[in-house]
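Okay, here's the structure, questions in a sec.
Per-chain residue numbering starts at 1, and chain names A, B, C, D and E are given in the order in which the chains are listed.
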Amino acid sequence: MEQILEYSPILIQGTITTIELTLASAVLALIISFVVGLARFSSLRIVRVAAIVYLEFFRGTSAIVQMFFMFYVLPLFGVTFPPLLAGILACGLNLGSYGSEVVRSAVLSVSKGQHEAALALNYTNYQRFRYVLIPQAIPVMIPTFGNLLIELLKLTAVASLITISDLTFMSQIIRVQTALTLEPFLVILVIYFIISSVLVWFTKLVERKFSKGRHTITAKEG
Amino acid sequence: MEKIIEFQNVSKSFGDLQVLKNLDMHVNKGEKIALIGPSGSGKTTILRILMTLETIDSGHVVINEDYLWHQQTGSGLVAASEKHLHQMRENVGMVFQQFNLFPHLDAITNIVEPQVLVKGTDRVDATVKAQKLLALVGLEEKAKHYPHELSGGQQQRVAIARALALEPKIMLFDEVTSALDPELVDEVLNVLRVLAADTDTTMLTVTHEMNFAREFADRVLFFDKGQIVESGHPEKIFTTPEEPRTRNFLKKFIKDIA
Amino acid sequence: MEKIIEFQNVSKSFGDLQVLKNLDMHVNKGEKIALIGPSGSGKTTILRILMTLETIDSGHVVINEDYLWHQQTGSGLVAASEKHLHQMRENVGMVFQQFNLFPHLDAITNIVEPQVLVKGTDRVDATVKAQKLLALVGLEEKAKHYPHELSGGQQQRVAIARALALEPKIMLFDEVTSALDPELVDEVLNVLRVLAADTDTTMLTVTHEMNFAREFADRVLFFDKGQIVESGHPEKIFTTPEEPRTRNFLKKFIKDIA
Amino acid sequence: SAGTLEDLREQGYATVAVANEPPYSDIKGDGYVTGAAPDVARAVMAKLGVPELRAKVVGYGAMIPALMARRVDMATSGLYIKPKRCESIIYSEPDLCGAEAFAVKKGNPFNILTYEDIGNNKDVTMTTCAGCAEEAYALERGVSKDQIKIMTDPPSGIKMLQQGRVDVFALSGLGTADLLKNFNDPSLELIMPVMGVPMGCAGAAFNSDDTEFRNAYDQALAELKSSGEFAKIVEPYGFSAAATLAVKRDDFCPGN
Amino acid sequence: MEWSWQVVYEVLPSMLDGLIVTVQASLVGALLAYVIGLFLALLKMSKTWIIAKTSYWVSECIRRTPLLVQLYFLFYVLPDFGIFLSPFVAGVIGLGIHFSTYTSEVYRAGIENVPKGQWEASRALNYNAYQTMRHVILPQAIPPMIPPLANYLITMFKETPLLSAITVVELFNAANIFSNSHYKYLEPMTLVGLFFLIISIPAAYAAMKLEQKYKPKNAG
């Protein structure tokens, strides 16, 4: 274990990279989730089709494959991202596809009565989404988004395979340098668990904040 | 008398089920109508068509001398655009059986927001009006409560206030008390009784509360199988219905009254 | 007269809310009881305690001369074991507001299966009995229909038949019509009227249908705040209630009757 | 592109892909990268007016793609000069040369001394890294594909050997020796040199468009070698400066 | 960058071999996840507080840490404790255990989503605990579980490339090994992506069909 301690600076670096990668791709994924998820309700067919193509592509292939593609193949066409950015893009685009389905189904879960009430009050299409459906859908999304955040954190470990110096990658360096196996892996498993538990806690916090003074749709209609 | 609503030969089917069959009917300006009839007879469908929540298959619906589902163009009548429907909806307000208040907004904001968004009313003016309406339905002190903090009857009264806030010429009420516990029914019906005094607004109410219908309505329409079987003054319909079908239907309720 | 149910000084709280307060009451064998009272007064709780769906905090409940929630042992009364509860439940059947039919079984199997599983009845005999019961509730021809293919009233009638199939000495009905459309109420109440003729079975009904309560019950219990406020023959309770609270409560309904 | 070295001088640092493979490279606890290859590169680049070297640690197999994709300006750490690689990248003159080695179980139960020995005994399995020269050596000398298990990194390879998942571990001599020293496992044995394969010589690698940069690098490297500074850098790591001086890039990749 | 059919021709045979491994790993992994998940669900729903809590936290520890690291652990660390797993076995066990934390939630939700009224009706009809489970709860809980369980099979299929990190030569690794020794990335990586799409899109479509088929009927 002392040997591992010697490597604590790079472990800390790796932890920071992992957190950066997670948060930056979370922001990206969140934006994509809303844009693509709401695009599915567009009246323009082309927009809907584009959203579905994006969704099926990123949901249908493996995240690892997407990363390798972005890291090794795109540069051959002159599109070169720095590794961290490539990682953020790959993680964000991948999780965004799942997130867009969360947004879509949360909006769909708002009861038909709410759609009809908005129509009866003569809200425009935009107003209906902006002031009625989305505000009610957001609390529904939060727990699922919380789970996706954990998925995202775990996905960043895969980024070590495209040479991003995240936590997992650092554990590999330590292995080479120290010839230890159990300890480096154990240490990073604990760090991952701590990070994800913080994320879980954070989600619960947001969940509580959003449910305050509001009512979820599951309860009595009205 | 001036007609404000007119159904001209309107038909409507859901799949194989024809719900409205060549329906002709009209409602005069300011009239208070009670729609009664067995379950599945198409009462709700009529209100939903007026609120543009359902389309029609054939025929015409006229509101305030303008086609609801059609638009006059150079080359004749064509299906109404969303823009036209938006305009037409200004005439109509609806209160639902399930209240459908916005659960993420408190009572007063439920009433303020539609005014601001739809009519562009200034927020301060909208709030003043909302307060007046809450007073009208007896809920001044519940302004800051969220729907889930209100009883069913209170929610329904807020929903009525919300619909009134947009000042529609026509108000539709679809069994507004049937989702309520029996003891809460009266508080809502009392609000409707007050509203009935307003002679400008046309009101259509679907209800199973025959006593209420009798007090409230200028005219009762008895529906069965998508057609009007009988129509007339409530006293007449409830005491001496002409049609056997009407009599049959009313027996279930009249037993309570007579 | 023989007592079949007895509540002795029973209390029951949910958290801070005391729902039953030192309740004493009894029901005689074969009696038909209507429990009425405002929402939240504890009517449902009484039925649920008898069905062992809720426990009690203190006091005793006696069914058929045996403690329901306790067991006699050498060293005195102890909390009932699951085995004892299982035995005691043989005496009681319950019909719920929400029907609670098994959605994965058709109507007749809903009635057959409990007989086979619980009483070990032979499947053929159970089926014969189920058919008789379906006939009793007027649903012979719906035997093969699944619950979701039946109307609410039909589902409730199947639920009644299912409870009857186990031949409990005591039948509990908790607002069995209040989840139904108004027009479907009567078909269920009519079944109950028929059952009322059976003098052996003791029946407790919670209901808001005062006309029905009047016809059906031998005795009406008026509940408020977890206690019996007034009890007596329906004619007396409905026409000349003694307690102001009873009168107040009945006003809402009596207006319709008187 | 022509301006690469100019750009690097301007920004003051170069990014170098380095595999994690002691003693070619060595990563300290605080993330600082040393080792024979980066130290040589550091000295050369200092001469060229680029004071700082930023090492990017990548998997062994990722060095070439990283260069091709221009994620890094150069790559250096035991990247042997091989004709196949020369199709994709260009090399400096050789900087580090060494013999090949095997690690086997104590007592060398299968008596493996050459790649041909592995090829002749189909029950024997070996491991080496993805895209490493040793894989090519093996395939060229009759070892079949199924006999080769690709390891994710050298210590994992040693683990596989320890755990009996493979019988032979093949890598550069100094790299293998260093690993065995770290593992300090008496049940393992080093076979070095492996006969029948050439001495492997590595150089710094560049994107194939960066000929000018590479040529400048060669020149500075030559100066370093002749001044004796070179020997001072590599010999403490166990490399022989003399062996390196005896070979040229053209011996491996004529015209690269 | 030119697309080279020659490269496709060269890499395809080993990729097809890899595809077989991928499919095997997904199927065996999913089977394990279904079985282990069921036990985990029962433990988590245990009435014994300590069992329920312990199994919950064990399951969370697994769910909240990366499968990749868990695979490393299984493959490189366990042998030091005398547990020796072949790459494929370590891989499917890793997949199975990791995803059992997800399937256990499917089972739990399936059972908890059976309306309370069904438990009460069973009680009122005097069913015992076994009869309630066997004749009332499970028949209603199982159909809605099928689509999400099928979806996890697809998810696991897409996670199999992680097994490459422990030397399993599945579809992705087959391509990657080729790339590493031939320095050709375009064709192999594109092919891997294509293979995944070709399998997972129809599979997702089939799962959607299942979902429609098992849409719960209105509860009685």
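Operating definition for what follows: a residue touches a chain if its C-beta (ideal position, glycine included) is under 8 Å from a C-beta of that chain, and two chains touch if they have at least 3 such contacts.
In this text, all values refer to a predicted model and were calculated from it rather than measured experimentally.
S.K.: So which chains count as neighbours of both subunit B and subunit D?
M.R.: A
S.K.: Which pairing of chains accounts for the highest number of C-beta contacts?
M.R.: A-E
S.K.: Counting only Cα atoms for the centres, state how far subunit B is from subunit C in Å.
M.R.: 38
S.K.: Report the inter-chain centroid distance for subunit A and subunit C in whole angstrom, where each centroid is the mean of the CA atoms.
M.R.: 52
S.K.: If you average the CA atoms of subunit D and of subunit E, how many Å lie between those two points?
M.R.: 39
S.K.: Take the average of all CA coordinates in subunit A, do the same for subunit B, and state the distance between these two points in whole angstrom.
M.R.: Centre separation, subunit A to subunit B: 45 Å.
S.K.: Going through subunit C residue by residue, note those that touch at least 2 other chains and give them in order.
M.R.: none
S.K.: Would you give the residues of subunit E that are in contact with at least 2 other chains, written as numbers and ranges?
M.R.: In subunit E, 76, 165, 176, 179, 185 touch at least two other chains.
S.K.: Return the residues of subunit A touching two or more other chains; collapse runs of consecutive numbers into ranges.
M.R.: In subunit A, 72, 76, 161, 181 touch at least two other chains.
S.K.: Considering every pair of chains, which are in touch?
M.R.: A-B, A-D, A-E, B-C, C-E, D-E
S.K.: Would you pull the subunit C residues touching subunit B in the complex into a rising list?
M.R.: Residues of subunit C touching subunit B: 38-39, 181-184, 186, 208, 211, 252-253, 256-257.
S.K.: Please name which positions on subunit D make contact with subunit E in the complex.
M.R.: 61, 64-65, 68, 84-85, 87-88, 130-131, 135-136, 149-152, 156, 159-160, 162-165
S.K.: For a test of understanding, state which residues of subunit E touch subunit D in their complex under the given definition.
M.R.: Touching subunit D from subunit E are residues 76, 79, 84, 86-87, 165-167, 169, 173, 176-177, 179-183, 185.
S.K.: Which residues, counting only subunit E, touch subunit A once they are in their complex?
M.R.: Subunit E residues touching subunit A: 1, 61, 63-70, 72-73, 76-77, 80, 158-162, 164-165, 172, 176, 179, 185-186, 189-190, 192-193, 196-197, 200-201, 204.
S.K.: Please name which positions on subunit E make contact with subunit C in the complex.
M.R.: Those residues of subunit E that touch subunit C are 115, 117-118, 120-121, 123-128, 131, 135-136, 139-140, 216-220.
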